[in-house]
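What follows is a single structure, written as structure tokens, with notes after it.
To keep things simple, chains are lettered A, B, C and D as they appear, and every chain counts its residues starting from 1.
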């Protein structure tokens, strides 16, 4: 951590030397990785905790605690932030804005992230939490001369802070109950109090995580940030919400089953609505942002189910559910940062991320494109990649829960199971659309056809992440070992004692089998084709000869049937300029699906309270007589109230 | 005998206060205040004579009040008035009749309020507290209802007289120095207000605080 | 030995099914129809041909059929063909892997279609993902229903020795079979969801996606399609004919069941018309509702 | 030492009234302010004894409030060098003298052990701040000054009445009474309840007017909006704290009389009303100086709100006093730089400060983050402590919930207003402006101090806060 702080200071000082500052920042991340990863991995493998305590004169004892749960989040943070920082060097140098803030901020936010994970007392946690919010805000408003960037930044800052108020209340109540600000274990609270605290935690952490319906900041903020910051935000920062929730479940202890059920419900809503909204997006990073909501939903399904299972006294089910949630945290961090990084590379090369203006980028940017496709397959949960493994655990936990829960829980688990299936299908549709329209086919605009492959310093982190996605998908037995300690901490039993053990091993083996069989088929195919040279031709267009790239099926059309099916949820708005005559010059159809929460809840609420406050302000007196009158009236009123 | 004198002084102070509510001429308001201050200044002496000997403290209080409030303050106010062209309250925020009616109500309220607050020790006169409250209320009412800056200062001063009366319940609680400090502060306050009125006069060509309402959100 | 038998059935039998279906349809139309083994001939011919690639395509296009077939083959390893023939790979949760392998195959096909840049193939891909996404809940609900009824998370245990279960859950299983048949028809682009024999690209779903594939690639696709039909059919057959017998009799029974399944598909294809595209989602949702109802029945029985 | 500290400013004021150059006057001010700062730091190490027959003595609370006052004056004395150089030419005779008297009066207020003396000190400070507000001699400044004077005078009159009432409440059977703070506390439950209650209401209203608690706050945006920003900063950071000391003393006495419940109900009510009023006017505010004034109303609200929750809350409030003073220093001094640079106090007239003047822009952001209670600044800690006290001590969670909600609304309003000033497009792009070090160093120093208090409260200070807060617990 010291290395990070030093690097932050150094890169802030070096702000004027752009390249150097960024390099120092990346170096800082690397140093932190080298220093902090070994103890974290040790804790994961060996269990146990490491603690560093000191005493604060006004707040009492404070501590940094590295326990398995913290370590589980620390390790990916170190790796991914390093990748993002390396990527950022070349990415930011291509722009013309000052980079000092970015360089220092990247280190500082990683520092804040690590502190959030390691904090052993409420104040340290909350301080790091808020600092993380500030740094994230400063990083994502890199291009703050653009109004939309400022708006997104503001939305992020204000919403997450409002949610943090709940956390302040929660930790304050918890510390009052425990008599200390230090984190304890499982406060023995009455069910009512536990539910209240849990609710506060869900609101506070849910907003940061991007859980529906508190997610509105997320699709606004991610697209406007520099890509490596989007990756950091989506990969790591929103995960702190999950970490917080899991930590809170540990701190609060036993909560009634309804709490977990509500969390599960939020998870299902986030997953389904997130993926549907993603389907309707036209901008690549915005689409990815909505997928973050979807994946957070999947994680929350796991977390909520785990909590339900603990309440129902089914630790084995809880262990599988928590394992799924935890694993998905890391997996999502991996493939989502991979996707954002590759999207950033495309945006930088083509100067647009409007999906319908791209196309065929894979041939110009083979490594970036391949990374993206791997990430896309991973995020859809397709075997043999890593996304599957964690979703598999969540599915399994849901099925297991079906068998053992009381009937209401059973019904909810079944519902979640079906919803998750639907989400899987929709995610696949959405990423088929995204990768197809951006990377495949022919370029739709000159910007897309002029694309060049990104420099090595940007491609390197992407390829590394892509490779990790593949490897993590095939390393089930190893995952079983590293997951064991944090899962035990949360669920109380070892993962190895659950059916998940066989599942993890078998999926890894079959994943390898899949790759082997595909390889074999590919070899056979090559052998067959070897005899006959392959020919090249234009795409068969059913007899039509003059095919142009603009005739390709667009991403919007691609998603259109599904949007039509779900129009009751998405409420698309259509703007159409119909052809009035043959050969009309302008014919246009536009369809947008603004976020219903934003459209029907946030905007009217803001507008309404704005009007209300303006009315109140209009009542403001301006004369000194009125000022004194106010005092006079207040005096009489108070005397009346207290003495009368 | 002294009791009667004390009561007369107190009632006179109240009447003068009510009179200042009813007048439209600024000069008269200042005069009423000065007379009221004189009445109030007598009160400590009258209280002390009731118990026999007159303390130095009471004398100092009397002299200081006479010098600062009865002569000093009106002098300054009249001086700042000299610059002004308009010397009558033309358009009060609340009409004179209404003000008087409200004033009467407030006086009644004050008598009621005084009943709620029984003194730990029996005061020199049972009119002391109600009238002190009344002066307080009248002063505030004057500030609230009038538009001329000078009238507002007068209102503030009448309020101050009321507080002074309260202070007389326990003469020796304020050491001399602090008592003098209080009076001096009051005097300086009026001095500063006078300067500001002078500036207002010059800047806005009137001393009407009515139009001082450009500061808002 | 059993694994070898399993693999043999798996690899050799599937291309027979489309032949049977076509013969049934021909019989209904009063024609003689192609030979039952037509698909074997086609595959043989295609494998020996060269391939033509569009200039817009990349490795994705070439990888599509390979990945699709590989995914289907691995999925097939998870499916038991009856008490005597357990799946070569069985573990708790293999049901999920099975469904996701089908998804992986579809994803590869769709990407390959989009790689051509053709509007027709884009259209087909769009329909494919739409219907697949809508069919997913029905499939998973059916899986969950079976899992709950049989108290297991693995196909092998789920699809064997289920006579007693039928007594308890008969109505639910019937509904599940209905849902699964709908899923199977949709997944395999059969009437009423899609008409494999249509000649108008605009109305196609699956066929239009593979327009640009040729030679061995196309062979892989056709072969894969028959395996997919076989797999979904196998589930339905195992569920509908829950009888156990000696291994030899069992294999015969199972294969007979598969042929019956093909005949039923042929019957459906002959007697129904293809639906309008915008009606298809409703049918798929109806399938989910069936499955959900079945689930409800199972829930009641389980907790009784 | 204490005597020197108290006498130094008036003597310097007298000096500065002599016919000397403005440069020299400023020099006198600067020297005095720093000497004052040095002395008040020294008082931490070696507490001064009693002076003038015990009228003057610095207890824990007094020292806690004196220290930031002293620091703020020192900072402003440096800042004024750069600020006045860029302001219009005008004699500084009265200005500097008033500043020095203000410093003296506020120090006296902190150290006075007699409520009468305290009142005199505070009234003096009210009067001398009038010329400070009027410094720019504009019509608007005049209006502000007038309003300030009238409202302030009414307020201070109420405080005087409250003081008298307190004396009445303390009447002992022999007819004697007292206004010595220690005697009043010792009198405890012997105080007459109705008079004590009335006295508390009046003191709260009176000193509350000086603090700028709603609904007595109306003078504040006018005065802070028109006074030179460093003066507004001084008032917001020192003057209001000293007025808070008055409320603190009254609460102390109430607590010792066993009437803590009575006091806290009023404190909580006024605190929440202030927060609410601040929230209403901060959201949608168009003028950044008035915005900061309402932010000050908010902080005052937080102070009394915290005071309503016993020892724990008082701890938070006392820490909050320090933090708020520093924060106001940062914000108003940064606002002064912006005012001089952009020539307007309209929020819409300022954009892209981070680009045009990076240091001030950064200070503005830091000030904003500190003001809205974000870590690592001290307000975060103190606001959390107050929240915790409110949840721990309150019979119901409503006050704490309202407090949080209102703070969140204020957060929104402040961010909406200030972020576009610091960030944003500064087109037409103008060259970066180099600002004099004297206008940057003081706010930077305050920022550093605020950061320090957020990260680490020095143990002596923690002890002092603790012992001062225990006084609020009664008995």
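What we mean here is this: contacts are C-beta pairs under 8 Å (C-beta built on N, C-alpha and C of every residue); 3 or more make two chains touch, one makes a residue touch a chain.
Model, not experiment: these values are computed from the prediction.
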I need the chain pair with the most C-beta contacts, please. A-C
Please identify which chain has its centre, taken as the mean of its CA atoms, farthest from the centre of subunit D. C
So how far apart, in whole Å, are subunit A and subunit B when each is placed at the average of its C-alpha atoms? 69
Distance between subunit C and subunit D based on Cα centroids, please, to the nearest Å. 76
Distance between the centres, which are taken as Cα means, of subunit C and subunit A, whole angstrom: 35
On a C-alpha centroid basis, what's the spacing between subunit B and subunit C, in Å? 99
Which parts of subunit C, given as residue numbers and ranges, touch two or more other chains? none
Residues within subunit B bordering two or more other chains: 116-117, 140, 143, 152, 209, 212-215, 217
Sites on subunit D at which at least two other chains make contact: 146-147, 150, 154, 194, 198, 281
So the complete set of touching chain pairs is A-B, A-C, A-D, B-D
Under the definition above, what is the set of subunit B residues touching subunit A in their complex? 93, 113, 116-117, 140, 143-147, 152, 209-210, 212-217
Once bound in the complex, which stretches of subunit A touch subunit B? 617, 620, 622-626, 628-629, 632, 639, 643-644
Which of the residues in subunit B end up touching subunit D in this complex? 116-121, 136, 140, 143, 149, 152, 156, 159-160, 162-163, 166-167, 169-170, 172-175, 178-179, 181-182, 185, 188-189, 192-193, 196, 199-200, 203-204, 209, 212-215, 217
In the complex, subunit A residues that touch subunit C: 359-360, 362-363, 366, 369, 373, 377, 380-383, 388, 391-392, 395-396, 398-400, 402-403, 407, 410-411, 414, 417-422, 424-426, 428-429, 431-433, 435-437, 439-442, 499-500, 502-503, 505-507, 509-510, 513-515, 517-518, 521-522, 525, 528-529, 531-542, 547, 549, 551-554, 557-562, 564-565
Per the touch rule, the subunit C residues reaching subunit A in their complex are 47-58, 60, 63, 65-67, 69-71, 73-74, 77-78, 89, 91-97, 99-101, 103-104, 106-107, 110-111, 114-123, 125-127, 129-130, 132-137, 139-141, 144, 147-148, 151, 153, 201, 211-212, 215-217, 220, 277-278, 281, 288, 291-292, 295, 299, 302-303
